[in-house]
Structure formats: structure tokens, C-alpha cells
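As C-alpha cells, the structure follows; a few thoughts come after it.
Naming follows writing order (A, B, C and D), and every chain is counted from residue 1.
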């Protein structure tokens, strides 16, 4: 049957909506190969339609299969792009190596371009009135209190606070910090709010 | 100066308080969150609020750190920052999702001077689309057989679903909102009395949302 | 929206507090409040009231409706009526949750009040479920919902609007096109183009 | 149409529908698993994916006539119209409504369209109860794929609401994808 490999690819993406799987280079290559094969058969049969008119319908069927493969490949890439965007918003502009390696080189390039575009948009915010921009990845939830208690989940090193104090974030250490200054680390899983 | 001009000017420049701007921005945020399509931007209000925040932050720095008033002001500022960030983020999400459609529409709107996007948002949208196009081309399209290589933006475009159902509260009384009735091929008209609440399709009330006659809830 | 976002909106409501400190007027972006005089009630936004209470800087004056008799009446009315009755304010649940959460000692009979508000909420939520089902059965394309509060409306999202959307889609796309046409629009994406 | 890139629409259109071929199709014998011929003969009945069926049916002249899948035929319609809530859509029609919307066009009398609407209205209460049930396994089980999605979304807003009712603060949390990748990494490490 036509266009079956591509469906396996999409089912895989649908199964794990909250994680990104390694880019499936091999399958993409096989699908593109199938497309070239279909195209070649079509070229041959299109030339033979003078002798056998009903070949024309066969050509049309293969054409539908080509379109179908194309649609599915684009949908696969598009779905991954959506996930890669989420990575930018959640991890930030630097991806941990184990996440980075799930992306193909081209995807990583796309991630960087997306990140650059986003950064330059965020920098432009309020520029007219002398602002140096707003980080839209912050302030995700309605504020409840100015300070919160957090537990450190990993050795993160030093953190300099706005008032000049420097604290060391060591695994399992507890801190009482300004909400505004630790929300990004919470999002990235370095800190955890104690409730 | 011409006296008539003078009057018009002073009417336009009528003092709007920061309090009013904040209220308007909050309802713009709510509408943006709940409307399927992107709404006309409110950049002037965003900038006004940013200015207020800046001003306030300078004043807070003059207060002792433990001053109760400093905490109160900081809390209010973080509330306003939350609205602004959420509002702008919501708009970016829509711009990305519907980018092909929004760019097309926006080009037409720019001709008539009724643009919905800020210049920075429009620039972002174009760059986003460009990056997406080149990614799709590089990874698969260019490797397809000859007649399959074209990027068919019209096919790929995603449109906001204007038929989606929304909740609203009428700010003013609006009569004769036409609901399309699909079953009996007969349209139904309803009145939205001030303060009343409804659930209905977005499309017939889209303009009312934009003019502020109704508030999405 | 997230319930906390609805709460955020409700936190703008103005309520009365009695501070235990004195201060001049405070000029916030959302308005001027004060002057604060120890022992004298004044109006502030709910978020500020909660903040002051947490810092033990004030007592919260319970809103008029946070009273057993008033609430008994509301509850009876709500039980009796087929429709939703008008609530004392459109953020009653947010106000109740926040005030009873941090300032229960400022509210007389707070635990009875908590129970009765929860009862009212439960009656309304079950009514809401019944009316959703009725709305869908009756055709599911339009509904009027006066007197539902924001938090209640929010609780039926995304289920109700998305079900109405689904029903609308089923109606429009499953209808046979009335005029015979070559239109294959619903399937244009699967490649019905006639040329290669 | 804006579902070109929609994975769920692609999966729906991958469902098989019974078709009768109206013309000979050279070299397409492989579409019929029971035939050994290279060519597909006019008059053959085969189940093929909906996307292919729609595409072949839309040719002028049409290359196939599309028949209704079992679940949309008289016998099942009768059951559905009597009490749609007794039907296990997970077993019988994963994509009942979505596929139904496509194939309803091939039903001249419009009975499929009526059944779809009626079924949806009846089964709405199943979504309602699945969204508040503590026994999600059994309430979710008979739902179709899209019904499950709706019920799960409703259940998660139900949970968000009860969490809100129970707590005073709005805790900040690790972002969703970050948390899931951490989890996956941990699981991978435990395997070695």
C-alpha cells in the first residue's frame, strides 16, 4: 500500500505529544525514495498512455499517493516545529545536550533562527520609551506573593540577585527568594517551589 | 491657530488616567485570550503601562527595602507585568499558528491603514514564515521529485475557526444579532441586553468584540 | 483560562479592611487608596487586602453577603429555582475562597459560612451540568446564561464550547452539497488535482 | 480547508472504506490483497484508505464508488438511533464522527448525517460523566478517539478547578516538556 511508512511516523508523533522523539532520518529517506520511485513509474507510464489509455488512471492514482506522501512529510515536520518552539519557551535559548541531540542539524538551525527572531522581537518591546525589552517567557502565572520558598533540585552554582546578594544553589538546599528572580529556574526544573 | 482645530485637539487629548488604561488593557487581554482570531493591537496602552511601570520602579528604589509601600507597589507592578506578558504572548501564539493567513490579511489592512499587528509583530510574522519555508524546503521539499517541490502556502494556511462558540457579556444593549441557523435554513435574530450573558458563535459578534460592545468571558 | 487567572480578575474587586497602621494615601496605577488610619475601615482591592492580612497589617471586613441568613436565603432560592439565581457578586467564589482562606477569624461563623457557600456552589454546578446536557439535546448552537459567574462559566470550558463546535462541524460537513458540483474542497488536501 | 497539516485528520483519512472499482486499473493489482493479478479489474470490491477512495471517486468519470463502512449502515444506525450510549466506539468506530462526516456525502438519503448528529447529542452525557468520574478506566473505555480527547480535556479542567478550590496559592511548576524530558531521561537511565 502507498504512503504507509509515513503513517507510522505520524502515529509515533501522536503517541508522545509531550516529548520530542529523535528525528527519524531513516524513515524520511525511505519515504522520499518511495516518492521518487512512484514518480519514475509515472513518467514511464505517462509516456505509454498513447498505446494504453487506461494507464492514465494509474498515473493519477500514483499522483494522489505522491501528494499524500508530501502532505504527511510536511505534517511531520510541522508537528516537530511546534514542539521545538515549545522547547525554546520552556528550556530557553540553550538546550541541554540530551535534548539537543533529538533534533536534526537542520532542526537545530531552525531552533536558533526561531530563538533569534523571538529574542529580537522581545528586545523591541517598549524600545520607544527607553525600555530594553521584556522577557515574555517570564510572568507565566498570576502573581500571588513577592517571595517564595524553593528547594534546589540540582547543583546549579551561584545566583546573583538584583539587590547584589549572591547565593549558591546546591542540590537539596532551601531558599527564600523573590518570585520574579526564580521563576525561570523553576520553569527549567532547577528549583521547585515548596508549598 | 484655528479655534475649531483647537477644540478638536483638546477633545482628542482628553486626559485618560492610567487607571482607565489599565482597565482597558485588562479587557483587551481577556478578549485576546478568548477570541479565535487576532484582534487589533493595543500598543499605545501597552506602552503607556510600560511607562508607568518604569516610573514606578524608579520611585520604589527610593523607598527602604522593607517599606510596606514598596511591597504594595511591587505587587501591583507584577500584576500588570503578568497581564502585559500574557497578552503579548497570546498574540504571538496566534501570529505563529495563523501566520500565512495573518500576513495576507495584514497586507490588505495596511493598505487601508487599519492594521491589526504592531510593526514589530508584523516583522516577527514575516521572519517566522520565512524560516518555516526554508526549513520545509531544505529538509524535504527540495528532495522530492520535480513536480512535488512547490511549497503550497494556500493549502498549508491554517485559519482561525470563526464558527467557534464563545461566551460573552454585553457591555451595551445590541439588537438584532443574526445567528445563522443551519438546520432550518432560517436565520434567527437575538438581542443582547446590557449585562446579559450568552454562548454563541464568534462570527456574528466579531465586530462587537472589536468595538467593545461586548466582552468575551 | 486557568482558575487562577479568573481569581486574578476577581482580585480587583474592592473590599473593606481595617488597618492596624497609619499611612498617607497610596497612589497605585489602579487608583488611589487610603489614607490608612489605624482602626478605621477603608476600601482596597482584594489582592491588597489579602496581602495586608498575610502581613498581619489589617482585619478584613466581611462583605455584607458573607452572612448566614443572607446565604441561607440564597441557598433556598437556588434550590427552588429551575434557573440560576443572581449571586451577590460575580466573583463570590473567589472572594469566599480568598477571604475564608486567610482571614477566617475575621468572619463570624466562618466554618458554617464555608459549608453553605460550598453547598450553593455544588447546587449550581450540578444545575450547570444538567443545563449543558439540555442545551446540547436541544440543538446546541445558542444559549443564554445570565447570572452565571465567571468561575462557573470557566468550569464548562473547554467541554461545552468544543462540543457545540463539534456539533456544528458535523452538521455542516456531513450535509450533502445541495447542488451537484465538482467541489471536493473537503478533500483538496489529499491530492485530487487532475494534472500531474 | 485548514487541516492540511493536521495529523489527526491524516490519521482519519487513513481509515479504510469499502470501494468498488468502476474501471480497469493497470498495475494496481496490489491494492487488492486477495488478487494475484498485476492489474485491478473493473468490478473488484476492495477496502482502501479513505484518502485514496476520495481521490479516485472525485475523478471525472469516477474510478470507484464508495460504499459505507459497516458502522454507518442500516443495522448499526438502528442501534445508534435507539441508544447511542450503548455502543463501544473504541471498538467499532475510533473516528466515528470524523470518518462519518466524510462518508456521509456518499449517502444520498442523508440518514448518515442525521445519525451522526443524533449520536453526538445522545453521547454528550457520556463525556459529562467521564469528565467527573473517578473510574476513568471504564467511563473512557467506550469513547471514540475524539470523545476521549474531549473528556480528558474536561477532566483536566475539572481537576484544575478542584485544585484551585483546595489551595490558597498558585504554585509555580516545572514546564511541561521540561518535566517530561526529565522523566524520560530518568527512565532511560534506570534501564541501564
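The working rule: a contact is a pair of C-beta atoms (placed from the backbone, for glycine too) under 8 Å apart; a residue touches a chain by one contact, two chains touch by 3 or more.
Bear in mind that the values here come from a model prediction, so they are computed numbers and not experimental data.
A.B. asks: Count the C-beta pairs in contact for B-C and for A-C, then report the pair with the higher count.
C.D. replies: B-C
A.B. asks: Suppose chain centres are the mean of their C-alpha atoms. Which chain sits farthest from chain B?
C.D. replies: Of all chains, D has its centre farthest from that of chain B.
A.B. asks: Based only on mean CA positions, could you tell me how far chain A sits from chain B in angstrom?
C.D. replies: So the centroids are 25 Å from each other.
A.B. asks: I'd like to verify one number: the distance from the centre of chain A to the centre of chain C, where each centre is the average of its C-alpha atoms, in whole angstrom.
C.D. replies: 34
A.B. asks: So the centre of each chain is just the mean of its C-alpha atoms; given that, what is the distance between chain C and chain D in Å?
C.D. replies: Roughly 34 Å separates the two chain centres.
A.B. asks: In chain B, which residues are in touch with two or more of the other chains?
C.D. replies: 71, 75, 79, 82, 147, 155-156
A.B. asks: In chain C, what residues contact two or more other chains?
C.D. replies: Correct list: 2, 4, 7-8, 51, 157, 169, 171, 188-192, 194, 196.
A.B. asks: Can you pull out the residues of chain D that are in contact with at least two other chains?
C.D. replies: 1, 4-5, 51-52, 55, 59, 170, in rising order.
A.B. asks: Could you pull out which chain A residues touch chain B in their complex?
C.D. replies: 28, 32, 35-36, 38-39, 66-67, 70, 73-74, 77-78, 81, 85, 104, 106-107, 109-110, 113-114, 117-118, 121, 124-126, 128-131, 134, 136, 138-143, 146, 163, 179-180
A.B. asks: Taking the touch rule as given, give the residues of chain D at its contact with chain B in the complex, in rising order.
C.D. replies: Going by the criterion above, the answer is residues 1-2, 4-5.
A.B. asks: Under the touch definition given earlier, write down the residues of chain B that touch chain C in their complex.
C.D. replies: Residues of chain B touching chain C: 18-19, 22, 26, 30, 33-34, 49, 52, 56, 68-69, 71-73, 75-76, 79-80, 82, 147, 155, 161, 163-167, 179, 181-183, 188, 190, 196-201, 217.
A.B. asks: Within the complex, which stretch of chain C touches chain D?
C.D. replies: 2-4, 7, 97-98, 101-102, 129, 132-133, 136-137, 140, 151, 154-155, 157-159, 162-163, 166-167, 169-171, 173-177, 182, 184-192, 194
A.B. asks: Under the definition above, what is the set of chain A residues touching chain C in their complex?
C.D. replies: The touching residues are 42, 46, 59-60, 63-68, 71, 141-142, 145.
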